[in-house]
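The two complexes that follow have subunit A in common; it is paired with subunit B in the first and with subunit C in the second.
Entry: the complex of A and B
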């Protein structure tokens, strides 16, 4: 289970990243959401043993990280948090798929191909989710969902949740610290406090929701979160989105890796001759 | 229990996304009927509450381990099943976007496993039926416990089926089920205890908050069904107590099950369920060329199968070149960005 203070810090950090300016941050959120969706589908559609065919897709996270001026360390931290569980699953593959296959000059168990394939897919999909939220931000994701026809009520609840997560995390961090300081060496909250601790937080949250509603009403809230950001889908956005989608389609339906490899082989043989 | 994108195929992910959207649209329609505009911030704040409350670790007596709140059942009890489902969907979206807890393509799977089963099956068909309107504290406690266990068991089975249908791993059905269900039984009991404790506290301090509390009672369950539910409760408790050591110090049942399975190389990868799942997937696949662990021809392939383009020397060279070009493009973009930023700064000065 996560530490609430660290979770809060991570939450603020991603929120801060999304407020930057860069050629990627400046793109329309719908273009960013559509590119991410296309990327996710392309990655997931590769077969269990596909490894080399997926590799050209690494261009997307690498180029986006560089263009958006984001530090790879942020992404690696996120990857490190989720990788162990998935790699534990992937580690099964060589056990259950032991028939040997030739990989270039080497012979390995077929399961190693699916292991590497799963690890590559994990890296790519976690990167894409991080890049989306670190460039489009929550408001951008909401705009993308709206464009996809998701009902307004769902988006409203999501945006309200996002706004209050930080507040309640701070409250939980304070509660946990207070409990920790008063409970000596004991770890975790004891049985007798389960109800009062969470119930108390719940009642306070409920009252806070009422105050939030009144405050929003007094400020003229009409069911629309206004961000003040211009939201025109321009030519650059269309070009950004269509370029990436075309690239994903190319990698998915044409053997880009094979072509590159043959080109390299040809070059090497040319030099030898 | 959150599923990652790497484990999900587009067919399974897309189908569960569509199912989730359908249930969400239905929930919006139903929730709007009894929703006043006050409930919108309430749904958001309650979802944020569940997210934050999951950070609190509860020590489990006698085991030395800890558990945490799942939240689906509690949200349904406070907001009702429709608004509760929407709030739970929101919690899962924040987890997926900000903390990589569950993937984006796998979002529909996670909403179904953690939101649908608790809000639309465990809550109305178990919790509400058992508690009625003015049930005793013990009955309410048992109802929360059984509903939480049942919800989590269904969710865990959902994970197994979705992983199996996606065919991205070699996990055998039998071994995966045998490990997922017991560990989530133990986790469900912890979740049940925590949920019951919170509901009991809220009932005592502010009973008006609970969904349906104070409204006319629903017809009581038939005696036969009541007996069956009672029997189920006793069985769940007995099995749960017996298996509670499974909870250990590991916070995530999915992770725990995977690790246990990886340590069991003697398990068979073939089975009837696997073949059935393969047939279903073959019929529903809309994108070509993604694999499923078939136990037929692919399994009986010769020991030295023909080398395909993806594993040939040109494949390796091409893959290395693709990665190299990606890194080069990234480096060039990075340098370009830095140079542009420097020029902009010197221009300002």
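Entry: the complex of A and C
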């Protein structure tokens, strides 16, 4: 099992990433949220065997990573963490969809196409979600949701849950260290301890969450997280958002990959002739 | 800044399981006084602090801060008058950066972002950590966290500071810096502590809590120099006034 304190550090590191300055970080959170939402809708709208048509959408995470000055490793680490889940979800497709389909000169089970398509879609959406939080920050995401008309209570639940996860991880890190130091050569937590440890974890984190809530209430917290970020949606934000949304619409309604392929074919044919 | 006095009159409190913690406790701290609150484990120090801040409600009696009676209607105003520093700074530092944590209170008070920035930077300068402004709290040392936690309440410009074990888990240098900082602040202070040397050095007066009541109250030197009283209340004399183990001499108070 991964060291919980490292998981906690990785969790907090997303907050650190969101405080950087870059052409993407400087965009209004609403512009970032709208672009991400448009991206996810575009990804989800493709058919279950569409593979080549989705490929141009990889430009979004690649370009965002570059513009936001984020290291690809930051994203790959998160993707690696969810990769087993992605593969587990997509892996059954080749089993249940055995009807053959032609892919260029090859004939493969249709399930393999939907496997690749589903894995690509999940990779894209997970990447987009990470990039949104790493550039807008959790407060920015909340501001974007608020602007989209999501009720304040739901946003409050989202933000407090996010903070509670950090708190829970901190408690897990403490308990796991205490257990490890007294468990001798034995690895992992014995089954008989699962119940008491889980119960203890919930009670401890509940207790801690109560103290954090008191600390917030004592400093005037009334249910709304105020970030103090400038709330003005400027021209650059509008341009950023509309450019991406136009690109997603283009990819969705025009077969960009096919057109590019035909163009390349034409060029090659011209050269040969 | 307004400096507020504290007045607790016949305050009693019991936990739901029936365990009585405070029974008719009366305690006063005039404006600008640094009052140390000492007592053995379970004497009711933390409960008393919780009652002052309105985190828990008393079964009887009254709490007044700056002449304003603590109640449901006045809770918001009362909380804007006091700054509560928790024993564990991690409970107090919950955002992604020190700046955001220190700015949390002023923003909730509805201040303009310019004023928020001014207050936040001023509070960080006061506690001596302006360079840590952008750091995430979980990367700070224990001493830095303590200073950041104090800054989170100073930015709200409170007239009364309530501190729960402020020197807990600090190394000697960090503790020394803390004493220097607290002694330079003009606010009224209520300091619950097991660090009797800190109480002796920092506090104008000390109250000893025992069995849910104030067993004694007086100048720090008188109270902390009374070995019999301290022994009766489950405490020990501060190290700084005990006889030297080598030569047997006592420091003069």
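Going forward, the second predicted complex is superposed on the first by the 212 of 273 C-alpha atoms of A that agree within 3 Å, B and C clash if a C-alpha of one lies under 4 Å from a C-alpha of the other, contacts with A are read in each partner's own complex, and residues count from 1 in each chain.
Everything that follows uses one rule, which is that a contact is a pair of C-beta atoms (placed from the backbone, for glycine too) under 8 Å apart; a residue touches a chain by one contact, two chains touch by 3 or more.
Keep in mind that this is a model prediction, so the values were computed, not measured.
Contacts of A:235 after superposition on the shared chain: neither subunit B nor subunit C is touched.
Within the superposed three-chain model, A:172 lies in touch with subunit B and out of touch with subunit C [touch as defined at top].
Of the two partner chains placed by superposition, subunit B and subunit C are both touched by A:163. Touch criterion met: A:105 reaches subunit B, while subunit C stays clear of it. In the superposition on chain A, A:21 contacts neither subunit B nor subunit C.
In the superposition on chain A, A:182 makes contact with neither subunit B nor subunit C. In the superposition on chain A, A:212 makes contact with both subunit B and subunit C.
Greater residue coverage of subunit A by touch, when subunit B is weighed against subunit C, goes to B. Looking at the shared chain after the overlay, A:12 reaches subunit C, while subunit B stays out of its contact range. Across the two superposed structures, the residue set of subunit A contacted by subunit B and also by subunit C is 163, 208, 212, 216-217.
Interface residues of subunit B, counted against subunit A in their complex, comprise 4-10, 13, 21, 24-25, 28, 31-32, 35, 37-38, 40-49, 51-61, 66, 68-69, 74, 78, 86-87, 89-91, 93-94, 96-101, 103-105, 167-172, 193-194, 197-198, 200-202, 205-206, 209, 251-252, 254-255, 258-259, 261-262, 265, 267, 269, 287, 289-293, 301, 303-305, 307, 309-319, 321-323, 325-327, 329-334, 337, 341.
On the side of subunit C, the complex with subunit A involves touching residues 53, 55, 76, 79-80, 82, 84, 86, 88, 90-92, 94, 96-97, 100, 103-105, 107-109, 113, 116, 134, 136, 138, 152-153, 156. Those residues of subunit A lying in contact with subunit C across their complex are 8-9, 12, 15-16, 18-19, 137, 163, 170, 208, 211-212, 214-222, 226-228, 230.
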